[in-house]
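A, B, C and D label the chains in the order they appear, each numbered from 1.
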């Protein structure tokens, strides 16, 4: 995408000031009490799905940049009271990137032209102590919960998984909603299934999972904006398509920039949608209650999460 | 408590084998589809409360044993593509005990007489690679969600917070339910408010918050068992009372042992219940949908969590 | 010290360009082959002293800012080959600040007016990837070894340890050398004993050890410069005096700034000099071979070290 | 090697009790004042070589098991006093395995048949808190310094590096000493050059460097014992040969077991000997003063080190 074209879209989508000069929650402001009530109304069968990956040394990171979680037991057979040696506890410590597996991006995660969402100055906000503004903590309280809608693009296309160079279009989103018989509403959280997760969970191929991959094209941000979505998550690493041509352009990761920086719309990555998608296909219901609160890591650029879908 | 008395209770509560020899989810098995539907039915006003503490260097750990989370930014102004220096991302890494702030105990967290829940052999299960059985991962998939019920013992007693040597009794639990007009059902998750959290959140006194404290007496485990609760969480550090006499007895942390090891009932600690409790007092409704899934940390002895209550 | 006075000293001591525009080793350049030979000649009795503190959770850090090392065993009874279970290894991981106990400051550790040693621009050199210039790696290869000279100021003053508000003067340094019968030569490394280490090692009082403390006054930098010292280390936390008045001045830590930034002279902190000092007092020989190479941590701002003195 | 043959050697070499029942320094006891004096006498030209690798993300670990050091800046432009914003410091934290690059193995690092050096019971000594006995701390105080002797086996064989399946023999050691005109004495530390380090430093091939590799055969332990060596270090990952046949035998890593567990002789790994070896070849002098003190990590199973050779 040419920078001029990108800018035209960005300008139209930009939500800066929309929820006040001090706002740090962006599109999550679309979620109101009515949304939550309608979300709870989707819980009809009492089914529960967790969408998080495992956190351990065998996670999806192939070892460049981010790494997989390391967990260190610090106690295994430690008596609570040394005088009672048969009553013990076990404890452990974790060391991990905040964005190593299933996770939310904070609004502070990306920026361009020196500004974050809501016009926040990157040089002032991004510090050695973390994000002074737009950190993940602002998405963590009161948390992320809403009506979730799954759009299963792989199923729409009749494939197990999309080709790694497939760019999902606005037409795809509309077609999936129509085929699935679901309507996206204000404040909804969109879950996009590409099937690319299978590169990791089925094939065990971290390099492929984290490499070039299918995902949303930049113009889908306009759709998300027009639908007043609260957030978008997907089963790939980056929500959007990762393609060498885009990466080499003036606007690498354009969907990230439009969503996080211009719209203030959180992105959820590496959501494992396989079991949920199978269930949606089976019963024909693609809407559910989604709860996926980040940990309130002060100034964090992301947070691990174990999202829950209740149907 | 004498060990003989403890053993009598433990024997009566012990759920080993109840859900099969291979079970690793314990009392969470009480949560069925009907429970989830009734939980969702509690969402009437579309209110959302998150019950998690912040995760940062200023957390509740006073510096003995466990410590507060340390977050290290690894990127702040890193271009996604070096050729496009004005389009950047920020990243970070966290180092923390899995049980340093708001968290769930895994069933593997405590044991006595060499056995964990379901008769699992501690020497075989607890390893340098973490818990081979009864790890927090087994509570993380499909996650923890149910109907939550708050019992506000501080309010019952007409105080802001219970005295640090106050042992909550079964009578207190019954009286609170009656006063609040709420009935506890099969599979519910009980949230116990002592007010002790204020020692940290209001007073900023970590030493007091993590020291001697009010909480459940051991016999409350019988109540939890008879009510078929799925889990119990509280706003203090240990759910149960921490008292020198108990700690010096043959059964230090008796409620932990009965709950985690004999009943297989997860414990949630340091849940911040202040805002939720105020709302419950205001509208008289003490039941809600609670979602609080641990991260699926393979073999972990606990997990941080940001619990959500939806009313 | 007024900034103007400080600047006058700084200007006189500044070694920028002295060893070339690209130099990153500063005063270590004073160490030549003759220095090393004379240092080795001090090894007459075959005595060995290590000057490093322990690295563990009970280290000198009282818990503000830096913390004490945390060591996590990752293997304890792991067979090298699963088929041979009785042949095992043990492994561990460490998490620690690079400056938590006995350590060297890198030249990049401090700066003022936006510049590091040799005129290096701080904004360009200090990055999320560490110090691009003046990192500890430049002191690590070929390492730090030279003739060491101990000046025992506590003994000079006839006390076990100096008062916490005592500022060591140039006269003290001269008097100690004279009393000890030792001459400081080009390229020597000065070890200054204040006795303040005993606040930690004897009293176990971390707060006192890391708080206000005796040490070198700023003008001692002139002496170090005129003597062409290669480095200075001490048995306190900061080499120089830590005093509220100085800290509140325009030039907090003036000796650090003059040494590291203007002279390019490394500082060694928390060297445990007790056993060595006792031996020097006993045999009247205060010179020795000192080897104290930092780890070659690329871009590090410091490094732990276990210095050795051979007499 | 058959276990019976191994046991015959082990029995002959076993130093248990030789330096007392409480000894935790093993063969380092061979180093006495005379050794140190003769070592210092080798410093004739005032040359200094550091033998340590860099510690950073680009280290030799290919990403299985151990990992490369991660360094996190925690401060970059932090004023010492907020009122004086132009006077700043920088700080950082490191996270690394204690055995990830140039390092010493502690005597507690390996064991067989449930016993460590000096008959120490592994089950009692190896704990979640580290090694209660035979930890690296016992090698750190008073440290490791002695006369070092380089044997350049690659040069002996007329190759840049030994083939990866080459097992260095006792005859090789003797031939190298003879060809080099050097005599090994009591308490010396042997540095063995295989050239295998070049797989990492020249080729950048971590996988090859850490994989199958040339090194000492098990019988070299007898030579080390008969020469009363204090320690042995090499430029490969494991000092000894890593070969599938040996690894599949009843005694995987036999040299480790004989050295660390039976003889109590420390092993130094990944010493970078290239520059030193070139110098030795040039001037024909293969002996030098070697100082290589581990950090005094309490209970550690190893320690990073930046060894120094002074000639």
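Simple rule for what comes next: a residue touches a chain if its C-beta (ideal position, glycine included) is under 8 Å from a C-beta of that chain, and two chains touch if they have at least 3 such contacts.
This is a predicted model, so every value here is computed, not measured.
Superposing the C-alpha atoms of chain C onto those of chain D requires a rotation of 180 degrees, given to the nearest 5.
Across A-C and B-C, the chain pair carrying more C-beta contacts is B-C. Taking the mean of the C-alpha atoms as each chain's centre, chain A and chain B sit 26 Å apart.
Rounded to a whole number, the gap between the C-alpha centres of chain B and chain C is 47 angstrom. Multi-chain contact residues of chain A (touching two or more other chains): 70, 73-74, 76-77, 93, 95, 128. Looking at the complex, you find that chain D touches chain A at residues 63, 67, 70, 73-78, 95, 128. Residues 32-37, 39-41, 43-50, 52-56, 58, 65-66, 69, 71, 73-74, 76-77, 80-81, 83-84, 86-99, 108-114, 122, 126-128, 130-131, 137, 140-143, 145, 247-253, 257, 289, 291, 293-302, 304-308, 310 of chain B are the ones that touch chain A when the two sit in their complex. Interface residues of chain B facing chain D in the complex, by the touch rule stated above, are 70, 72-74, 93, 95.
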